[in-house]
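One structure, pasted below without further comment.
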Amino acid sequence: MQRVGVFVCWCGSNIAGTVDVQAVAEALKSEPGVVFSTDYQYMCSQAGQDMIKTAVKEHNLTGIVVCSCSPRMHEATFRKTAAAAGLNPYMVEIANIREQCSWVHKDMATGTEKAIILGKAAVAKVNLNAPLTPGESPVTKRALVIGGGIAGIQTALDIADAGFEVDIVEKNPTIGGKMAQLDKTFPTLDCAACILTPKMVDVAQNEKIRIFSYSEVTDVKGFVGNFDVTIKKNARYVKEEICTGCGACLEKCPMKKIPNEFNLGMDNRTAIYIPFAQAVPKVATIDPTACTMLKKGKCGICSKVCTAGAIDYTQKDEYIEEKYGAIVVATGFNPISMDKFDEFAYSQSKDVITSLEFERLTNAAGPSAGKLLRPSDGKHPHTIVFVQCVGSRCEACAEKGKEYCSKICCMYTAKHAMLTRDKYPDTEVYVFYIDVRTPGKNFDEFYRRAVEEFGVKYIKGMVGKVTPEGDKLKVQASDLIANKQLHIDADLVVLAAAIEPDKSARPLATMLTASMDTNDFFTEAHPKLRPVESPTAGVFLSGACQGPKDIPETVSQAGAAASKVIGLLAKDKLTGNPCVASSDELMCNGCSSCANVCPYGAITYAEKEFRMPDRTTKVRRVAEVNPAVCQGCGACTVACPSGAMDLKGFANLQIMAEVDAICK
Amino acid sequence: MKVSYFPGCTLKNKAKDLDLYSYKSASALGVTLEEIENWQCCGGVFTSADDEVATKLSSVRALKYAFERNEPLVTVCSACHNVIKQTNYAMQTNKTFADKVNRYMAEDSYNGEAEVYHYLEMLRDLVGFDTLKEKVVNSLKGKKIAAYYGCLLLRPNKVMRMDDPENPTIMEDFIRALGADAVVYAKRNECCGGYISVESPDSARRNSNAVVKNAKAAGAEMIITACPLCKYNLEKNGADIPVVYFTELLAEALGVKEDTNA
Amino acid sequence: MQVNEYKPLIVAFCCNWCSYAGADLAGNNRLNYPADVKIIRVPCSCRVNPMFILRAFQRGADGVIICGCHPGDCHYTSGNYYARRRMTALFSMLDYLGIERERTRLEWVSAAEGAKFAATMNDFVQQVTALGENKRLEDLRCKK
Amino acid sequence: MHNNRYLRDEIIRISGVNTAKCMKCGKCSATCPAYDEMEYHPHQFVNMVESGDITPLLNSDSLYKCLSCFACIDRCPRGVEPAKVVEAVRLFAVRKQGANRMTANDVPAIVDEDTPQQLLVSAFRKYTK
Amino acid sequence: MQKITGDILIEKASALLSSGTVSCVLGWKKGEFGYDVTPAVFSSVEELERDFVYNDFCGANFSKYLVSKTRKLEGKILVFLKPCDTYSFNQLLSEHRFDREKVYAIGIPCEGMVDISKVKATVGEGISSIDTDGDNLLVSTLYDEEPVAVDFKSVLAERCINCKSKKHVAYDELLGEEGDVIENSRFDEVARIEALTPDERFAFWQNELSRCIRCNACRDACPACTCEKCVFDNPASGVENKSPANSFEEKLFHIIRAYHVAGRCTDCGECSRVCPQNIPLHLLNRKFIKDMNEFYGEYQAGEEVGMRAPLVSYTTEDLEPGEALTRRDTDA
């Protein structure tokens, strides 16, 4: 039996106004285990806390019940008080007689009666409390960044800058991501390559950073501070450490008609390829679906021309196992497919393109060497129609498109329109918009310049149909301000396709037990207060995998994620929440029900030896809870058929004692 | 295979060809079209208002007939198909509406259980375009044919579910199965004007012209359609390439066009 | 025997993150509900073992209500979904045994829904009051 | 005289459309093949019904210009179904006694030797009650 | 009327014992009267030939025995499984309750088992022996000169009348012909009770459950009740309880027990078979099965190893408890 002290707070008149605090203190005196009971005006004040500390010493208290405001308010305070008095902080229970009693009941008699019952429940519970000590686990001081776009690059650089080792896993042959495909960046119009490629080089040269390109994460085990990750390095059939990136093989490769992903299929590459000139690592990769040598065993030209001897047709996929303390997800985004939007004739005409394709068309390293030419006939387009919100802001249950605003399209469309008018003043540029959304530093100014200085024609309305006819694209659209239907003969139509999370994100989320929303964006631990952490401890979010973002926002989030990682890796040990589940192995059946419902993968199974009644030993499968991973929800305790699983701090018997005290 | 067949008003009058060639082709493909007894006109257009009941009863009767015989209900005319399919969807999804309708029905109630196929869907899903290809005797090789869907076959897609409403391929696949070249053009799913030729003949003319012009620009030598009203509008407004029913083309390819026995 | 106005005994299990906070908010906003409701704090609605509910009824509770985060908002991502299935199974079984179904309820109350919390409790108390005392599940030994 | 509230509720009821879902993008009017025939355009129908400004619609010939091609329904990103709104307003108008847009007397002028039955049936269904 | 005879099983078991494939056999041991069959472990051919029996009274489901026997006994255990037993077998494997490697399972056909209480209700007490003759049982009693013929079908156990499957879902070897999953009306009685008014339902269950003497036979026979320590024996569970304290106590016991096995119960019917008070306990388990089928889709525990039961699973679109109850009302 505990020696319980009861402290009833007046909270000025907040409680004392509707609850007879003295009567409560008096009534609780006779509860089992209670050896001291008193009341005071402000229990949370220094004087009130001192009163508790003194009482602990004078009455040898082992448990404390404070009848006061909500535990969400002052539980932490009183736990500290208990600790200061030499008690285990978890020997404190709060009876909420303010928010859930004095403030919601008007009658003194009723309020007092209820406060006494709530006090009794707290006393009944504290009698069954046991001292709890948070568990500790070591931290592997290395981080993994999944995704090598600008988000992953920035996160990795920041973490490495703090002195920790970082690995980047990128599924493509080079890091750089979407930003490497962009031409200029809004709102400053500096060239994307000029600001990105130096960072890529920094990554390559940083001793703390390793790049696993053309690789993917295939398995994640463990928990915060102690992740075990399997990385699959896909065979690129080129020895990475030997290849100098000279490009001789590219020139000689006979398979020259492979659609070039980097230019979105608008030109061709060879079967052995380097995605672009500034690729990091600058190493060739053989596309096994295109290479004659790999498919039919004939050719081998690249091997002959490679003076370094880097070609290896026998290379196999390689699996690497690594340990990390923290994982950052930076898997990015892709434009959605335009398949379902053929009212814009995307499948029917080469001159209907997406905005990302437009970036490549205007990029000096793109398929047309930076000249804005129509993909169909290579002619200069004189009339260009930009359509915004293609697939964004659709009804939730719509069969095509996404419910959310893709956020970046308004700005890049303004950029495209402005750059077109700047370079080719003879071009008519129309932008059809629903709303122009420019909340960002210098964003609206940028958009207004497009209209006012560059003469881009912004039309409030939407395009309804694009009809390719002859060499024109007949655009039928509405102008809601003029209340007219417009018919424009355009040469080029550019669709601002909605963006969506990369397809690799969903299986990754499963591996990480990190949650996602219905759109497959990763969910943050708190939408406002913990925006770069996933609810799964040790997993952090960087960039567009969490929601649509432009470059400045991505970079700030990347830095924020890095600082969270650094904060974690700087610790030698992690202290957990002690209110976690634990299984009594003598009672555990090993049936897996608990592991089935655990949202965190905190439960594993071990074969353990047990002494049987007949003195033999038998091996049995039993559950083990990892206290560093368990968050204390209690789902397992109810799934457990034998009652072996219980939750510290909210044990079966404790809750039943509360029930009994209330119903008595 | 036996199916319940709803011909519709026009097929018994101005569009007798559409009806005749449907029968001939079906029998060549081993499908028996059982004309629904005492079918009544579908009404031509579907009234989307939920409180319109009486105008939809004829469709429900046809649906119920097919359901009770455990046969798919096959239609040819785009308008009939649209009205019947939309009515069936309303019977499935709108309980209040279905209750009202069922109060008009004798005996058992009906709740949208029947399966409705357009003749083209029957060819694709029940017969199979591959099977169709094998049965072709007069290949239409070299002919450049444009499919004209109009609006009623495809929309509203939520209900019709025939094909991608913006990039349909069923009629193109049909054309290719007959050996001809399918001409794809953007206006194939735009409206010809429909019944507006009563109210604003100019509007119908503009719409129809735009369709024909777009098809021709894409290289079409012939347009096929499933809808008598589409055919009428396109032809009346001066189409200078032939506009024919798809079943006529089918009968020709199957070699049963002149067959007098069917 | 003295005739008293019948006051039901209601046990409310509230999850720490949403519903308990919702109850606190009801307090902050001074929204009244009957004192018959006594709240037990649990980390998550999925911590509520059907045995707790049966125990409450056994010891004389007249109604038991479980409150958790709205579906999709669980602090532990999926706890309330499990709670929903468990309570569905249990409530249906109690109904099958002839226990009035109005004595049990599962409600989603967020931390922002103080008003909903108070309204729910008012409604539930009213509903249970109308049924009168729980006689079908209680343990006679424990009756005062 | 009906008040706006009554009219609005009635149109919403007949159409089964939630006009509040409209985000005013104008795609319905962009896609409408009968746009130029109309005094009020599809997006205006939605917007005016939403705001209860329905009398002008009832008195407008625009009611009879819709082709029921459903392009606006399929292409609306928000699932608003403007054609159903137009239809509901039209029904409200023609359901009044003597408000038929077309009578049997009009038929001879319309019909030529190729006119499909379907055209007359459709027109009657749309323009009369 | 079993189509397969004990002799075939004895022959099979003896061969496996002699070859050393298995070290013992779980089977049915004959009693004094032919109908008082008990489960037993046989470890020699002699024992088998002397005591082994397979007849219309071999209802016992051995799956549960495997949990303790595989731990205690060395070598492989031969177990004979009727179709319904194989579901329990799989379910226990799903729960990792025994080592599959230590078991040699032989599936045997079952034509349904006889409920001796039904026989007694027909011919009275004092049964001395029971033989079979075609579709009839020939029951000899101490009081009748001639054996009384009883139609086999009329005395089938309730669970066998509503047999859910003649198909074995697990075995190493199959004797006799394989059957199929059977369309059955096992939920009809649950539906009938559901359709009663709450007062009638309460009266029904009060009448049934007040007979409970809390002997724990249901728990002890139940193949889902294999917990290392039962919650009712565990002081830390809060529901520890040993005796029928009053007429309401056992209702809680049975609700808790049914809830504990919900999603894991294969509907084998052992609980009702062994109940000395003839309480239709399976109607509680079937209620859970029926509900979960209706609310979350068809689920048959033990159909395959490794399935995820409805109560340890969810979808974001699940019914709310209130919706579930009203939907059932309207469907009924």
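The first chain written gets the first letter, and so on, giving A, B, C, D and E; residue counts start at 1 in each chain.
Quick note on the criterion: contacts are C-beta pairs under 8 Å (C-beta built on N, C-alpha and C of every residue); 3 or more make two chains touch, one makes a residue touch a chain.
What you see is a predicted model; the values in this text were computed from it and never measured.
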Lowest number of touching-chain links that must be crossed from subunit D to subunit E: 2
Those chains which touch subunit E and also touch subunit B: A
Intersection of contact partners for subunit C and subunit D: A
Chain whose averaged C-alpha position falls nearest the assembly-wide average: A
Between the pairs A-B and A-D, the one where more C-beta pairs touch: A-D
Whole-Å gap between the CA centroids of subunit B and subunit D: 24
Chain centre separation in whole Å, for subunit C relative to subunit A (CA means): 35
Whole-Å gap separating subunit A and subunit E, where each centre is the average of the chain's CA atoms: 49
Shared-contact residues (touching 2 or more other chains) in subunit C: 50-51, 55, 78, 82, 86
Residue numbers of subunit D (touch at least two other chains): 36, 71
Contacts with two or more other chains, residues of subunit E listed in rising order: 231, 237-238, 311-313
Pairwise chain contacts, counting only pairs that touch as defined: A-B, A-C, A-D, A-E, B-D, C-E
Of all residues in subunit B, those that touch subunit D in their complex: 8-10, 13-15, 41, 43-52, 55, 77, 79, 150-151, 154-157, 165-166, 190-191, 193-200, 203, 207, 227-229, 231-232, 235-236
Contact set on subunit A toward subunit E in their complex: 584, 586-593, 596-597, 605, 612, 614, 618, 620-621, 639, 641-644, 646, 651-653, 656
Contact footprint of subunit C on subunit A as seen in their complex: 70-73, 96, 98-101, 103-107, 110-111, 113-114, 117-118, 121, 515, 523, 535, 579, 597, 599, 631-635, 637-639, 647, 650, 652, 655-656, 658-660, 662-664
Complex interface listing, subunit E residues touching subunit A: 71-72, 94-97, 226-231, 234, 236-238, 260-261, 264, 308-309, 311-313
Partner subunit A, residues of subunit D touching it in the complex: 21, 23-32, 35-36, 41, 43-44, 71, 75, 77-79
